Amino acid sequence: MNELTHLDERGQARMVDVSDKAQTERIARAQARIVMQPETLAMIVAGKHKKGDVLATARIAGIMAAKRTPDLIPMCHPLLLTSVKVELTPNQQDSAIDIMATCKLVGQTGVEMEALTAASVAALTLYDMCKAVDKGMVIDQLQLLEKIGGKSGHWQR
Amino acid sequence: MNELTHLDERGQARMVDVSDKAQTERIARAQARIVMQPETLAMIVAGKHKKGDVLATARIAGIMAAKRTPDLIPMCHPLLLTSVKVELTPNQQDSAIDIMATCKLVGQTGVEMEALTAASVAALTLYDMCKAVDKGMVIDQLQLLEKIGGKSGHWQR
Amino acid sequence: MNELTHLDERGQARMVDVSDKAQTERIARAQARIVMQPETLAMIVAGKHKKGDVLATARIAGIMAAKRTPDLIPMCHPLLLTSVKVELTPNQQDSAIDIMATCKLVGQTGVEMEALTAASVAALTLYDMCKAVDKGMVIDQLQLLEKIGGKSGHWQR
Amino acid sequence: MNELTHLDERGQARMVDVSDKAQTERIARAQARIVMQPETLAMIVAGKHKKGDVLATARIAGIMAAKRTPDLIPMCHPLLLTSVKVELTPNQQDSAIDIMATCKLVGQTGVEMEALTAASVAALTLYDMCKAVDKGMVIDQLQLLEKIGGKSGHWQR
Amino acid sequence: MNELTHLDERGQARMVDVSDKAQTERIARAQARIVMQPETLAMIVAGKHKKGDVLATARIAGIMAAKRTPDLIPMCHPLLLTSVKVELTPNQQDSAIDIMATCKLVGQTGVEMEALTAASVAALTLYDMCKAVDKGMVIDQLQLLEKIGGKSGHWQR
Amino acid sequence: MNELTHLDERGQARMVDVSDKAQTERIARAQARIVMQPETLAMIVAGKHKKGDVLATARIAGIMAAKRTPDLIPMCHPLLLTSVKVELTPNQQDSAIDIMATCKLVGQTGVEMEALTAASVAALTLYDMCKAVDKGMVIDQLQLLEKIGGKSGHWQR
């Protein structure tokens, strides 16, 4: 029953056939977190008050990456995202930036991978922008938070 | 001193000028981990004994993603990777797959982002291949382990 | 009222949510012009009578670029173009090549950016093909001519 | 009557306008074959029993390439594949690997080019993986086998 | 003498052979301008004081597009940009945003097309971000300003 | 000795480490052939005398595809092609178009895959342009003809 649907009966990878799935509205929310030195966070937050380019660059990179998901994840279907949103919130308590990505479409497959890819690339971009001052930053909690629509219905962490 | 080199003096994003940097051999090793239900891990490991397509797909996706890094991370320089290796090791103790990515080149910029991107996309691909049975999987410890070469020399976690 | 829809209430970039927009037929026509030395134009026109590869290359590059629009323009939605046409007309009077690009689809978002991107890349390709003989060529009048379909209706320059 | 539809009345390339075509289910099956030294085939088949990475890599490359078809073939429409399958079968008699690619969608254009591109890139990947031991391998019989759906109906070789 | 080097003796397009060219430092500066309603300009400038995402998005899109140049312009060589800078300056007098792009590398071919592509995509992104309020914006003066390095030496408009 | 270098000692795919290989000039020539109905060939040849867009489109697609090789073939290294040439010759005797692709660079890896990919995509593009009139066309003889440079020296079919 609980089969890995991306493998056929011989264990070989395939792009799952979704031809007969209904077109329904699908939403997925994913999160990631990048933990850093308090000084690095302070530097980003200060920049935010001036031009905000570190956060803006990560936000834009995340949005663009959501659109590249089928180029990156081998068995993902190409799809027509109708909305992508990436939010970056400085988290002083954990000395981190919290990342939340939301993707949406009306289609035959879910958008979990798109939301996870957006969150992941936004986090990697933050790493890239700040690695000159803090190579030890760690990305964690990259995970799906919620999924709405499709046969499996509403899923929430 | 400790400036965010991807921003100019006005806080605006730019691709750092590396024209005057020496061509040296650069190596970076990055890791990631995807934690899952023990049943999911067992299913992947069993598959491995037959065809191994879940792990093979993740490994190949990671290698291909390393080459796409400058398309994904806005301020990354295009570069000529001479070697990419992605290793996936089932970790029964933590009910996880451990991912290790190693990138190499002779060039003017480091390959940290390439190794991190490879590890991240390999992890996302594992998520995609198994999400039908385990939506709660979490990717964490996505981090640089080691960096060799370049002006900043040898860095190790 | 007249808000920049690509920014949320905090001024942050996002991909506008078009989930609730109707699927309607959309057409956009855009133009560009590349002004050059009369000798350069003569050389292209002469080539056209033989093999036409300068114009053919620009035409094909423009058509292919229309399909890459969501990879290039950060907030553009991926979409399914049903028709792309790029026309290049030598304009002896202004010593220029006039470029006209027409894009079409049935979908939830307009195709203005696709038509503009096609016109722009066709013009850049003409520049590339001829820059060995005329570095001073100038691209101008890159603009939308007409837009049909969608909530905002018919717009014409 | 029998016109090359990708050329307009002046012989210039264009992306055919499919705006008025009906959305129907479309399936295409294409094949390719790569002929090699018996020793090379034996080496791949032996590897298959262990980890299968040569065949797995080719299979995944083929699936991913199907999705890149509109980036590669200038006049191809972007489209939303709902299924891609690539099968590789060692053929001892002809000392070859037989490749079969099947693509599917509900849409306004056929998926012949996607199936042919998948078969072709799977074959090229096999060449790449084995060229260190057998540069003389030949890819042939790259052809459409069957096409279902669309105005032209069922076509079979 | 003054030949179109991208065409061979039969007028067919080819990627010019640069194998024997010397590796020299190459710099190119290109400009573009997007003319808009004074109200549109005011809206962007006001946004700039808050979050600046319109200008940041255009700047990042321009930098990323420079790296995609060989994917867009058929006869362009792939190359390793060592620096890309995109500057956007509100120009109240002409009711425009002035765009300046500078690209750099040490290599066998110039970077004019990369600088022109960056300027062009930054301009198109500004159009996209503001088209909801001002469809009539016009991009003009897309042109090379300066070129340093290579056999043809220093060229300046 | 005769190992599949793209697999490590455990049979897992990797991008071969070429860091220690010498930079030498490398040339590869590959061919392909697409066999068609005599009427189809006549139609293309007639078009050639007018505008030649079928052949021009295939030629340009082949050149562009050579640059995309590392995006398509998983274990291919990114590299800096210095020359790509695609020649298409109508072959009345075999009712075919003969395709010859030549790639060149100075680097650490060969360009066989680039030449084969160029030939293959040029052939697929011819198929696409003419499939409305001749679905039964067959691509064959896709093979390496010659390889110059690198440790393995001169190889010729």
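When the chains are written out, they are named A, B, C, D, E and F in that same order, and each has its own residue count from 1.
Please note the rule applied: a contact is a pair of C-beta atoms (placed from the backbone, for glycine too) under 8 Å apart; a residue touches a chain by one contact, two chains touch by 3 or more.
Keep in mind the model is a prediction, meaning the values are calculated, not measured.
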item: Those chains which touch subunit F and also touch subunit E; value: B, C
item: Interface residue identity across copies subunit C, subunit F - same or different by half; value: same
item: Far-end chain from subunit B, centres as C-alpha averages; value: C
item: Far-end chain from subunit A, centres as C-alpha averages; value: F
item: Where subunit A and subunit B are represented by their mean Cα positions, the distance between them in whole Å; value: 16
item: Distance between chain centroids, defined by C-alpha means - subunit A, subunit C (Å); value: 31
item: Chain centre separation in whole Å, for subunit F relative to subunit A (CA means); value: 36
item: Interface hub residues of subunit E, defined as touching at least two other chains; value: 12-13, 51-53, 56-57, 59-61, 64, 68, 71, 74-75, 78-80
item: Pairs of chains found to touch, sorted by chain label; value: A-B, A-C, A-D, A-E, B-D, B-E, B-F, C-D, C-E, C-F, D-F, E-F
item: Contact footprint of subunit D on subunit F as seen in their complex; value: 2-7, 10-13, 39, 43-44, 47, 50-54, 56-57, 60-61, 64-65, 68, 71-76, 112-113, 116-117, 120-121, 123-125, 127-133, 135-144, 147, 155, 157
item: Residue ranges of subunit B in contact with subunit D within the complex; value: 51-53, 56-57, 59-61, 64
item: Subunit C-facing residues of subunit A, complex; value: 25, 56, 59-60, 63-64, 67-68, 78-87, 104-106
item: Contact set on subunit A toward subunit D in their complex; value: 8, 12-19, 70-71, 74-75, 77-80, 107-108
